[in-house]
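So, here's a batch of structures to check.
Okay, so subunit A shows up in both of these, paired with subunit B first and subunit C after.
This part shows the complex of A and B:
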């Protein structure tokens, strides 16, 4: 199929049209609108960087951004440690390994909205009743302040994504040559030495993949945020994605919301491009 | 040595099972409490109900209009998946059989589009489609094609590299036109990757809340997440009903998972590692 063949363009037409009208044109319009006083329908004047300057002073947005960063870092660490541990558990020789694999992956298939509602019940009702029955204070009053809201989000996100990350680690762990581990064992290596010197270096690529998948996943989170805490109390657990949605569709400040959306795009793009860069670099080295 | 090892294995086995049970406990808590009365949830959240009641389920089922809502979700997901698979495979085929710079640039455009998060295009998207009077069920499916085609084309493109061009040529000599080559020769050979692409897309589209809430909310074609959100807002202090609604909503996913777990886990793994 050459460029001048009609069939080449006919085959591409539907997806090019869809990508163009759904993603590319809105992106370009959005960037343009963020420099105007757009209200969702029309705009009267070009404002230059005014919307962005306003954002610098916008405490709500800064708080949301900072909360999102903290949440993403905590989630990445917890999910990756948990995911690797689960992967090692279900690739060991225990009898229940297949069943456990099924179990650990299950939350990943269920929507963030539903999972958030389930955990809202657990945190506010179950935790509370255990806390009251046993007198353990830290189990009471979950989601009623920023700290428990934060850890609630991390726990929810970890429960949902650890199984997914586990699956990725499994793919790499299964490539670790068994004879290498056996040879090390004959030479007297203990389990920790085997892990440290053989398994860990061989699953390092999985670590990069998983880290960026969780990082961009955590950064873009919305449904879980909506259903678990709805940003509360007092917007203290509101993340960037939710802040953009609220600014646009609750408060109708379209141009401001769009400026936030552009900043969000830049941050997510930087995260993703860093990953592409690291992967390329490693491919060259190998 | 052997004895020590088997004991070690037993300890890992037991710890593994305990951890598995802990992992399942949110589902357990959801289900047992969905069978309780409002009063009993207040007194006891951990134990099984003293008296099992199905009333919560009948009421939740009715208020969610669950059969209708489920069909809406199913129709929307299936239509979106079929369209994404067909058009993405077609485009990936055209791109993979054209070695020109332009073809490479178009492929790069699709890959680059994967970096764009939904929230950064959402507001103009809704404005644009609103102007075109396309904020409806069909508009939603078209949007899923736009958001889903990039990853799908990327995965198909990878698989097509492994299908020899001599097949195309042989079929062309036999009198097939381009589309016939694609439909009769190429598409059947893409079946394994199609399953992966379908699984990756359906997990996301089935559970999606934000896009449908902006596009089809209140139009009578509410999907499960939309309806559930409304239902939950109504019964936020009535956990017995809310939990029954959540349980009902999860059942179809769990059934699908138990039937197709091998393919699902393989599909997710392939999609992430590539």
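This part shows the complex of A and C:
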């Protein structure tokens, strides 16, 4: 951090250029538009906080926000448990572990839209046929009510993200010193005790990283939402990102959508910054 | 100290950037709107009908061959809301097309300052009566109709025959109910999953099309009147309920997760349901899935007040951008005229696009598919209902669709669903 001369800024310029044109300038414009009656093409007057006041009364937005929060919490828990379990599996001594790593990671390489359609088929067709054939009631009629819509989203998201999170856990698991585990084994610790008292504390930093990734990922989800449920039934599975897009393009209320986006931005920023802060603090302690 | 320097430097950089980018944009657009490459006039077309993309591009090529000084650039973005947002994005980015599409009065109001008067075109003169209503302002005609479309219950004639129900005899909702009961009682013999396939997941199916049959009377069949109305009377809400309940009762379940492709492709085209509420646009799909079944489909209107009136309307209009330069505007008009009034154009419209023409002077015997034919007959007899849903406040069809889903899922009573939709209308229409 010493040589902040001309060459420092010169090397930084391309990044600043890119960041400025595609992130910072649009962001500032966006915030500005949220105070006007912008319709996507032009605006005629400055409204001040009017758009934000409308938001407070907007039930659709509140519902979407609440749904997103519930969804994020559930996803974070499921994804991390799954990710850690998969990581433990592929770092154990089973034979097909290299193949399994690839297989588990693969869902992450498929685009969200396609995944959504694949799972839509599984939920509405495969689940339904199995349910009908065996008479299991809970497997029928998936995605036709809000509860199955919710869990459908969580399952889809977990399936997609677990492989990615697994990779992070693998990195930490492989760094757990073998001698510690061996010592514990000699001392007579059973597998659960070894996991609980040695492995788990040592992979805790991975948990912070993963939680940050999954939480912000789950919050910003759009394409999976669009292709799996499209917010239905009766908009009960509509997430914030989709609500913003709908407000802007379906209802043609660009400025209101912009205000929603600003609120959304603030929430995501708070989550992310908190995570980074906690992360940093942990690192110092270690 | 460093921080301050960084801030000054980076903000200077940004300002410079902003300056650059606008300058570039301006020069770019002036290039575009000029006479383009060489002496050719470039006409950018931004259209929404995915179904006839290839045929349309083919026709554009044909036109280019006949008129070597014109270059038609076709860009297509898929139907409904996607098109509306893509068009908006195009306009806000400054890359405005010369020819684009608008739906009803809502879009006219939105793009008013970009619409050229087309009343001097030949096509405008040939347009059938009533098709220009929503795009006429005083003496000015702001759009040219694509085609006509109609919807109602598309039914499988074979199933009706085997069940012993004569579709011609259905004249009211009571008749339809009886027919549904009869078919339902013979479901197993006929190999049906249900009488209807109600695609309640698609909010537009009932929110726009279904409801239209029951709201058009409130607005005298006029989309403009609907557009100008501050509230929705919905005097026929009770009949609408009967209609929704009937479909739901005899439909393949669960309706709220049943989508368009399931409805048309998976259930109707395979002969697993007797009828679906859709329009003539499903015909090519059915034909592709099962040409034999496609021979035996018919369409009937949604019965309201014991009347069988087919809702026929113009789904989309061609418009010419008033901000494009003169030569481009003229070329655009000439192209649209050629498409709808020249012999080659007419031929393509009927046989290639498979449109129900919205213009005079067509050899209507060439309408090949049975659905379009029936709809055209209804239109000729004047036995039609207007597409008032084109005048619903922006997004309202979706609101109603969502409320109907709520009702169908048992989360709201009928009155609650209708009241909530009415309230939303009042909010959106202000």
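In this text, the second predicted complex is superposed on the first by the 271 of 286 C-alpha atoms of A that agree within 3 Å, B and C clash if a C-alpha of one lies under 4 Å from a C-alpha of the other, contacts with A are read in each partner's own complex, and residues count from 1 in each chain.
Just so it is clear, a contact is a pair of C-beta atoms (placed from the backbone, for glycine too) under 8 Å apart; a residue touches a chain by one contact, two chains touch by 3 or more.
Owing to the predicted nature of the structure, the values given are computational and were not obtained by experimental measurement.
A.B. asks: First (subunit B), second (subunit C), both or neither: which does A:175 touch?
C.D. replies: After superposition on chain A, A:175 lies in contact with neither partner.
A.B. asks: Tell me which partner A:197 touches in the superposition: subunit B (first), subunit C (second), both or neither.
C.D. replies: neither
A.B. asks: By residue count, is subunit A touched more by subunit B or by subunit C?
C.D. replies: In the superposed model, B touches more residues of subunit A.
A.B. asks: Return first, second, both or neither, reflecting whether A:249 touches subunit B, subunit C, both chains, or no partner chain.
C.D. replies: In the superposition, A:249 contacts both subunit B and subunit C.
A.B. asks: In the overlaid three-chain picture, which partner chain does A:268 touch, first (subunit B) or second (subunit C), both, or neither?
C.D. replies: first
A.B. asks: I'd like to know which partner A:230 touches here: subunit B for first, subunit C for second, both or neither.
C.D. replies: second
A.B. asks: Given the touch rule stated above, what does A:16 touch, subunit B (first), subunit C (second), both, or neither?
C.D. replies: Both partners.
A.B. asks: In the superposed arrangement, which partner chain does A:208 touch: subunit B (first), subunit C (second), both, or neither?
C.D. replies: After superposition on chain A, A:208 lies in contact with neither partner.
A.B. asks: After superposition on the shared chain, which partner residues are touched by A:40: those of subunit B (first), subunit C (second), both, or neither?
C.D. replies: The answer is both, since A:40 touches subunit B and subunit C.
A.B. asks: For A:122, using the defined touch cut-off, is the partner it touches subunit B, subunit C, both, or neither? Pick first, second, both or neither.
C.D. replies: First partner only.
A.B. asks: So subunit A touches subunit B in one structure and subunit C in the other; where do those two contact lists coincide?
C.D. replies: Touching subunit B in the first complex and subunit C in the second, residues 16, 21, 24-25, 40-41, 248-249 of subunit A appear in both lists.
A.B. asks: Of all residues in subunit A, which touch subunit B in the complex?
C.D. replies: Counting only subunit A, the residues touching subunit B are 1-3, 5, 7-8, 11-12, 14-16, 18-19, 21-27, 29-30, 33, 40-41, 89-90, 92-97, 99-114, 117-119, 121-122, 125-126, 129-130, 159, 164, 167-168, 170-171, 209, 213, 220, 222-223, 226-227, 240-241, 244-245, 248-249, 254, 257-258, 261-262, 264-265, 268-269, 272-273.
A.B. asks: Taking the touch rule as given, give the residues of subunit A at its contact with subunit C in the complex, in rising order.
C.D. replies: 4, 9, 13, 16-17, 20-21, 24-25, 39-41, 124, 141-145, 230, 232-235, 246, 248-252
A.B. asks: Residue numbers of subunit B touching subunit A in their complex, please.
C.D. replies: Contacts found on subunit B: 9, 12-13, 16-17, 19-20, 23-24, 26-27, 29-30, 33, 41, 44-46, 87-88, 90-91, 93-95, 97-98, 100, 102-103, 106, 109-110, 113-125, 127-128, 142-143, 145-147, 149-150, 153, 177-179, 182, 203, 206-210, 214, 225, 228-229, 232, 239, 242-243, 246, 249-250, 253-254, 257, 261, 264-265, 268-269, 272-273.
A.B. asks: Within the complex, which stretch of subunit C touches subunit A?
C.D. replies: 2, 5-6, 9-10, 13-14, 17-18, 21, 81, 84-85, 88, 91-92, 110, 201, 203, 253-257, 394-395, 398, 402-403, 405-406, 408-409, 411, 428
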